[in-house]
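Following this message is one structure expressed as C-alpha cells.
The chains carry the letters A, B, C and D, assigned in the order they are written, with residues numbered from 1 in each.
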Amino acid sequence: MSFNTFGHLFRFTSFGESHGAAIGCVVDGCPPRIPVTAEEIQVFLDKRRPGQSRFTTQRQEPDAVKILSGVFTDEATGQQVTTGTPIMLLIENVDQRSKDYSEIKDKYRPGHAGFAYDVKYGINDYRGGGRSSARETAARVAAGAIARKIVPGLVVRGALVQMGPHKIDRSRWDWAEVDKNPFFCPDPVQAKFYEEYLDGVRKSGSSIGAVIEIVAEGVPSGLGAPIYAKLDGDIAGALMGINAVKGVEIGDGFAVAELSGEDNADEMRMGNDGKPLFLSNHAGGVLGGISTGQAIVARFAVKPTSSILTPRKTVDRYGTNTELFTKGRHDPCVGIRAVPIGEAMVACVIADHYLMHRGQVGESLPWPFEKR
Amino acid sequence: MSFNTFGHLFRFTSFGESHGAAIGCVVDGCPPRIPVTAEEIQVFLDKRRPGQSRFTTQRQEPDAVKILSGVFTDEATGQQVTTGTPIMLLIENVDQRSKDYSEIKDKYRPGHAGFAYDVKYGINDYRGGGRSSARETAARVAAGAIARKIVPGLVVRGALVQMGPHKIDRSRWDWAEVDKNPFFCPDPVQAKFYEEYLDGVRKSGSSIGAVIEIVAEGVPSGLGAPIYAKLDGDIAGALMGINAVKGVEIGDGFAVAELSGEDNADEMRMGNDGKPLFLSNHAGGVLGGISTGQAIVARFAVKPTSSILTPRKTVDRYGTNTELFTKGRHDPCVGIRAVPIGEAMVACVIADHYLMHRGQVGESLPWPFEKR
Amino acid sequence: MSFNTFGHLFRFTSFGESHGAAIGCVVDGCPPRIPVTAEEIQVFLDKRRPGQSRFTTQRQEPDAVKILSGVFTDEATGQQVTTGTPIMLLIENVDQRSKDYSEIKDKYRPGHAGFAYDVKYGINDYRGGGRSSARETAARVAAGAIARKIVPGLVVRGALVQMGPHKIDRSRWDWAEVDKNPFFCPDPVQAKFYEEYLDGVRKSGSSIGAVIEIVAEGVPSGLGAPIYAKLDGDIAGALMGINAVKGVEIGDGFAVAELSGEDNADEMRMGNDGKPLFLSNHAGGVLGGISTGQAIVARFAVKPTSSILTPRKTVDRYGTNTELFTKGRHDPCVGIRAVPIGEAMVACVIADHYLMHRGQVGESLPWPFEKR
Amino acid sequence: MSFNTFGHLFRFTSFGESHGAAIGCVVDGCPPRIPVTAEEIQVFLDKRRPGQSRFTTQRQEPDAVKILSGVFTDEATGQQVTTGTPIMLLIENVDQRSKDYSEIKDKYRPGHAGFAYDVKYGINDYRGGGRSSARETAARVAAGAIARKIVPGLVVRGALVQMGPHKIDRSRWDWAEVDKNPFFCPDPVQAKFYEEYLDGVRKSGSSIGAVIEIVAEGVPSGLGAPIYAKLDGDIAGALMGINAVKGVEIGDGFAVAELSGEDNADEMRMGNDGKPLFLSNHAGGVLGGISTGQAIVARFAVKPTSSILTPRKTVDRYGTNTELFTKGRHDPCVGIRAVPIGEAMVACVIADHYLMHRGQVGESLPWPFEKR
C-alpha cells in the first residue's frame, strides 16, 4: 500500500515525480476563512528552492505555486480566504533537463532509493530520482506555509547546527543570522567557516551530512493525542520521513542517556502571569506526548547525498556487478535545504494536533484549577 | 482527539490505567490461521514484567494475559489459531497497592506527564501515573508477540547498549548474553559493571538514562509505504512514542552528519545466491523508506525516570509553588524494561508493512529483472 | 484486512464472538469530564437484550456491562466522569448453552454469513454465528450510550414502522407508545396487531423482515465532512453495517424518485427566533452531506433471520449438497432488536461529526451573516 | 474537519469547485505495473460529461483528463503503466460562463447545499454550486476508471431503472441497450417513453427523480472487512455520498421487509465447476459484509435537482425572507448522469476491498475444504 497522505485532521496528499509534469499536494481539513495567497506560500518555497547559491544543486526551478481550489474572496474583507474545502497546490516542473539517463537508468546509486523502489514496485521512474527525489518536499513546504497560519501565535523556525563534524557555538545563536547566509546557520562565525569548508567538499565532488534544529514557539499546551499519536511521536515520524534523515531528537535527545533523574527534571514555578514556568527544557516542550507550553525543540540528522563523483561498487537492475559515480547537478550538503522542510513538517504536525485537540477536548478547563 | 490505535492494517487499540481494573488491547487485522496461545504471548510479557530483579520496580504484577476473542481451534491441526477477527488481550491489574496518594495527587512530578494530562483533559487518574504509566506498554508487548508470528522468518531482538555515559563494547556483542543479565546487555563485561553502577544509582534514590538497540533480521525487501508511511518514519514514530524516549536513530543515525558521501554509501555486489549483497549497512536496512532486505537497525534513548528521592521544585494543580520527591517503588533505569517494548513496536511496524505491501503490490516482480 | 473500528474522532473498536468468553468495545476519543456510569449504559443494553418477550430469542444474557478504564472520580463533583482516555466496556457471555453444534458446524445456513467467513478466512467460529452474530451489536449499543452524552441536547429515538407488509399508520405515531409494546412500535393499534401476526410467524417456525426509523433531534447545523464523510453517507454506511440490513433511506428516501423538483424543495422562512425555518423535511435534515438543524430522519430495512424451521437446500464446508433447518432459540423478527442498535449507530455518527466539526471549524460564524 | 479522501488502501483525494480553475483527484495505493492511459479514463468521463443530449445540462465541458504523475513507460512492453506512486488526474474547467451570480449569490436554493455550506464554513463558493456541485463527481469517475483495472475480471455496469414513477420492465432488460439511449436505460421501450416524458419535465422547467441500479460481476468471494468496513456498508456509504442520493439498497433492499425467512434464503448447491451455486440472489452478493462470489447488486435513488423555474420560498444569507427560481442550464433528471458515477464508486469500493483482503488474508484457503 502506498500512503502519500500526511496528517490526521489537517492533512495533505502529495503527488509528482522529479521529472514529471508537475508536483504538488492537496491540503485537506484546513479551517475556513483563513487568509491565504500564493505569494505567502511562495516565500517558503523560495527558501527551499534549488539554485540559489553554489552550495545547492544548480537545477533551475522557479517552484512557482498556483492555488487551484479551496479559496474564495471573503466579501466582508475582500481578502482571498480558505473555504474549508481542499486546497490544491500545483507546482509545474520546468527544468527537466533532457539529459542522458543511460548511466543511472539501470545502475543503482549506493545509498539511494532506486534499488528499493525497483524491488518493491518492479518499476521505477528513475529520472532525477522520480518519486523519491527531494523535489517532492516542495509540496510539504507549501502545505507547511498554510499550516503555520492555523495556530494563532505559532512561530516555527529552523537552523543548521552542524555540518560534518563542525557544530555551531550555541552561545552565538542569533536567529537574525539564519537568513543572512546560504546555510540557515544561526552562528555567523561558523557560517563563515562553512563557506570555505563546503567549497572544499563541493570541489572534490563529495558530499557531507548535517544536523538541523527546529524550534516551535507559541505552541498551546495540551496538544498531543496519546498514546499512539503523541505530539513527539508524530514529530519524530514526520522528520524521519524527510529524505536522507537518519536520526531524530526531542529536547535533550540522546544526551538524556547520560542524565540523572535530578538533572533531567524540568523544575516548575508559577510565573507572574499565572502560568506555569519551567526552569529548564530538557523535555523539549513535550511530556507524556502532550505539549506543555514550552518551546518545542527537535533535531534531525541528514546524511550526505549519495550523488558523488567518486566511483562506488554497485549492481544494475539485471544483477550485474558494476561501478557508478554521479555527474551533474547535486547538493554537496542536502541538509541545508532540509531546514525549511523540517520547519514545514513540524508546523503541519502542530496544526494537525491543534485541530485534533479542539475536536476532542474543545475548550480546555482553565489551569490552575480552582480548589474546592 | 485521542488516538489509542497503533498501525494501519495490523493494528491494536490499547486501554487501561496503571491502577485501574485492567489493561490490554484489541489486536485487529491479524491474518487468519496463525497459531497463537496465551503462553507464547506470556513469554514476552515476562521479559517486561516488573519485580524480577532489584533493578526494576518492586511492584508485583503477574501480567497474566488472557485471550478473550479472535482464536478458535483449527479442526485440521487441533491447534488454537487466529480467525481473522479481533483478538482481545486482557491483563488484570493485581498489585494496585492501596497506597497513600495524597502527596502526588496534587503535585506535579517534574518531567512527568501528570501536568500535561491535567492541562489537556482537566482531569487525570494520577494513581501510579494512570494512563501515562509505562504499565500500558504491557499491551504493546502482547500485541508484538502476535506481530512476530505474521512475517515468516522475522527475528526481532533488542539490547541495552548504553547506561548513563557507559556504552558497551560492540566487539563483545553476544546475543546469547542478553538473557543472562538483568539489563538485556549483550556485552557480559559491561553487564557486570552495570550491576555495580546501577546499585549505586538505586541506593542514592536517583535514576539514569539508557540507549537501546533493536535489530530486525529476516525483513523482506520492499516493505514501506512512501512517502508518509515510510518504514523508518513509522519505526521512528513508534519508538519515540514509547514512554520516556527522547531520541531515535536508524542505521548510523546522528553519526551520518559527520560522514562523507563516499563513507556513507553502502556498496553493492551480487551475492552467490542471486541476491544483492550490501558491503555495509550505514542505512540500517532502509532506503527511501523501503526495506532493502538488510537487517533493520534502530536505536532509541530513554530518559531517567522522574521518580527520584531528591526533592525538586514544582507546582501543584492549584497553582502553588511547592517541592516534591517520590517515595516508593520505582525503576532506577526504565531503559532496561524498554528493551522488550522496543522489540514489540518494531515487530508491529514490520508486520503492519508486510500486510500493506502484500495488499498494494501483491507478489513483487522477481529481482533481478530479466533484460529484454 | 479486518476493520473493527467505527468512527473517525469518536470511535470504538469492538471484539468478541457469540459464544466466546466476552464481547465488548474500547471507546476512544470521548471528550473528558463527561459523567458516565455503567448503569446509564445498561439502560440501553437492556432495551436490546434478548429474552425479554416471546418475540425475541430466548437466550438468557444479562448483558451486564463493566467499565474497565477511562473513567475517574471528578473531585469537584464526586461524579464518575470520562478522562479522555480509552473507555473499555466489557460484557461477559453467560448463556453459552453447551449445545450440540454438529448440525450447523459444517452446513451453511442459506442467507447466513457462515459461508462467507469460511471462504474469506478459511476458518470460522461457527458457535452461535461467532463474530457475525448480532450479539456483537451489544458493543455498539454500549458505545452509543456514551455517544449520546457528547452532543448537548441530542435526542436519538427509533421505532419499528413496518413488519412484513404491515406498515404503521403515521397519523397515530406516539413516541410514548414505543416503550409500551415489545416491538418498539409507535402506533398502538398496529402494535396490537403485530402481537398476533408475529405469534403466527413464530409458531410456524418462520421469520419476517421489518423497517426501522431513527429520528435524531437537537442535531446542530453544520455537521458533516464533505465530500467522502458526509453525514448522510456515514449514517448510511453505519446502518447498512448492522446485521441483516439491506436498505437505507434518508428523509424521503426512495420516494424521491417520484418527486418533482417543486415537491422536493424544502422551502425556507426565517423563524421568530432568528433561526431558519424549513417548511418541510424531504431532505431528512441533511443537505450536501451537512446537517441543516432539522431532525435527521433515517430508515433501514432488516431482512428476516435465516434461522427457520423449514429445511432449505445448502452445501457443507466440504462441498457436499445437503439440507438444513435451524432448531432452537431465534428471533422471529430480528428487526425488533435492531431499533436500539440503529439508534446507537446514528448517535455515534453524530457524536463523531460533532467532534470533527469542532476540530476543523471551531466556532462557526453566527448565521444569518451581517451585511456589509 | 473535511474528508475529501475516499477509500482505505485504494484511495483517492478529490479537489476543485465547479467554477474554479480545475477539478481532479490524486489516486493513491494503486498497484504498480497496471497499464493506464488518459484515453481509457476519458471513455468513462465522456459518459458522465454534460451537454451530450437535450436531457442534460448544456454546459460545455470537454472534461479532458491529464495524468500528471504516477505513470511511466514499462521498458519490457513499451506501455504506459502505473508505478505504485500517486496518480494525479487533472481536469481543467473550461466553460465557466461568466454569468450573473447576483441572484443566487445571496439566496439559498431550497434543497440545495448552499445553506449548509454557509452555516458550516461561514463562506461558500456559490458559483455553480462550488464544491457541492455534481461537477466534483468527474473526479470519482476518473478514479473509478483506474479502479476497474485492478481486479481481474471485474465488470461493473449501471442502468437507470426508474424515472419519476415509471419503472422499467425487467423482463426487457438488455445491457446492450444502455448505451443506445440518452438515459442509460436497459429497457428500449421504456427508454422511448422517457424521451417524451422528460421532454415534458424539461419544458415545464421542472425536474424529476430516478433510481439507478449497479451490477458488479466477477467479484471474487471473500471481499469485505467486517464489522465496520463491510463491503455492503462501504458501498452504501459510497452511493449515499453521491450528490442528491437519498436511498440505497443491496439485493432485495427494502423489499426484504416483506419477505419470510423461507423466501429470503438463497439456497445453495455445488456447481459442476466445483464452485458454490446460489439458486437466487436476494442478498445481492454479500453475506455478513463479505462478497459471496455472486453478482453484487445495488440500487440508489436520486432526488430531482433543486434548480427549477418555479419560484420557491426561501431566505437569503442575511436572514431575509425571499423567493427564488433558477434560470439557465440544468439537468431535468440528474439521476441520468449518476449512472457512471455509481459505477465508479462501486468499482472503487471493490478495488479497495480487493487490496485489503489481499493484505490481511493473502491467498485464501481453497474452498471447499478438504475433510480430515
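Rule of thumb we're sticking to: a residue touches a chain if its C-beta (ideal position, glycine included) is under 8 Å from a C-beta of that chain, and two chains touch if they have at least 3 such contacts.
Chain by chain, the UniProt names read as follows: A, B, C, D = Chorismate synthase.
Since the model is a prediction, treat every value here as computed from it, not as a measurement.
Student: Tell me which of B-D and B-C has more C-beta pairs in contact.
Tutor: B-C
Student: Taking each chain's centre as the mean of its CA atoms, which one is most distant from chain A (Chorismate synthase)?
Tutor: Most remote chain from chain A (Chorismate synthase), centroid-wise, comes out as C.
Student: Any idea how many Å lie between the Cα centroids of chain B (Chorismate synthase) and chain D (Chorismate synthase)?
Tutor: 44
Student: Could you tell me the distance, in whole angstrom, between the mean C-alpha positions of chain C (Chorismate synthase) and chain D (Chorismate synthase)?
Tutor: Here chain C (Chorismate synthase) and chain D (Chorismate synthase) have centroids separated by 26 Å.
Student: Centre to centre, by mean C-alpha position, how many angstrom separate chain B (Chorismate synthase) and chain C (Chorismate synthase)?
Tutor: Inter-chain centre distance comes to 38 Å.
Student: Hey, what residues on chain B (Chorismate synthase) touch two or more of the other chains?
Tutor: Expected reply: 1-5, 9, 14, 29-30, 32-33, 84-85, 120-123, 131, 226, 355-356, 359-361, 365, 370.
Student: Would you mind writing out the residues of chain D (Chorismate synthase) in touch with chain A (Chorismate synthase) in their complex?
Tutor: Touch list, chain D (Chorismate synthase) to chain A (Chorismate synthase): 1-5, 9, 11, 13-17, 20-24, 26, 28-30, 32-33, 66, 68-70, 72, 74, 81, 83-88, 120-125, 130-131, 355, 359.
Student: State the interface residues of chain D (Chorismate synthase) toward chain B (Chorismate synthase) in the complex, per the touch definition above.
Tutor: Spelled out, the residues of chain D (Chorismate synthase) in touch with chain B (Chorismate synthase) are 9, 29-33, 75-76, 84-85, 226, 355-356, 358-362, 365, 370, 372.
Student: In the complex of these two chains, what residues of chain D (Chorismate synthase) are touching chain C (Chorismate synthase)?
Tutor: 1-6, 8-9, 14, 108, 110-123, 131-132, 136, 162-165, 201, 206-211, 221-230, 232-241, 243, 246-262, 264-270, 274, 276, 279, 282-284, 286-293, 301-308, 310, 312-321, 335, 356-357, 359-361, 364-365, 367-371
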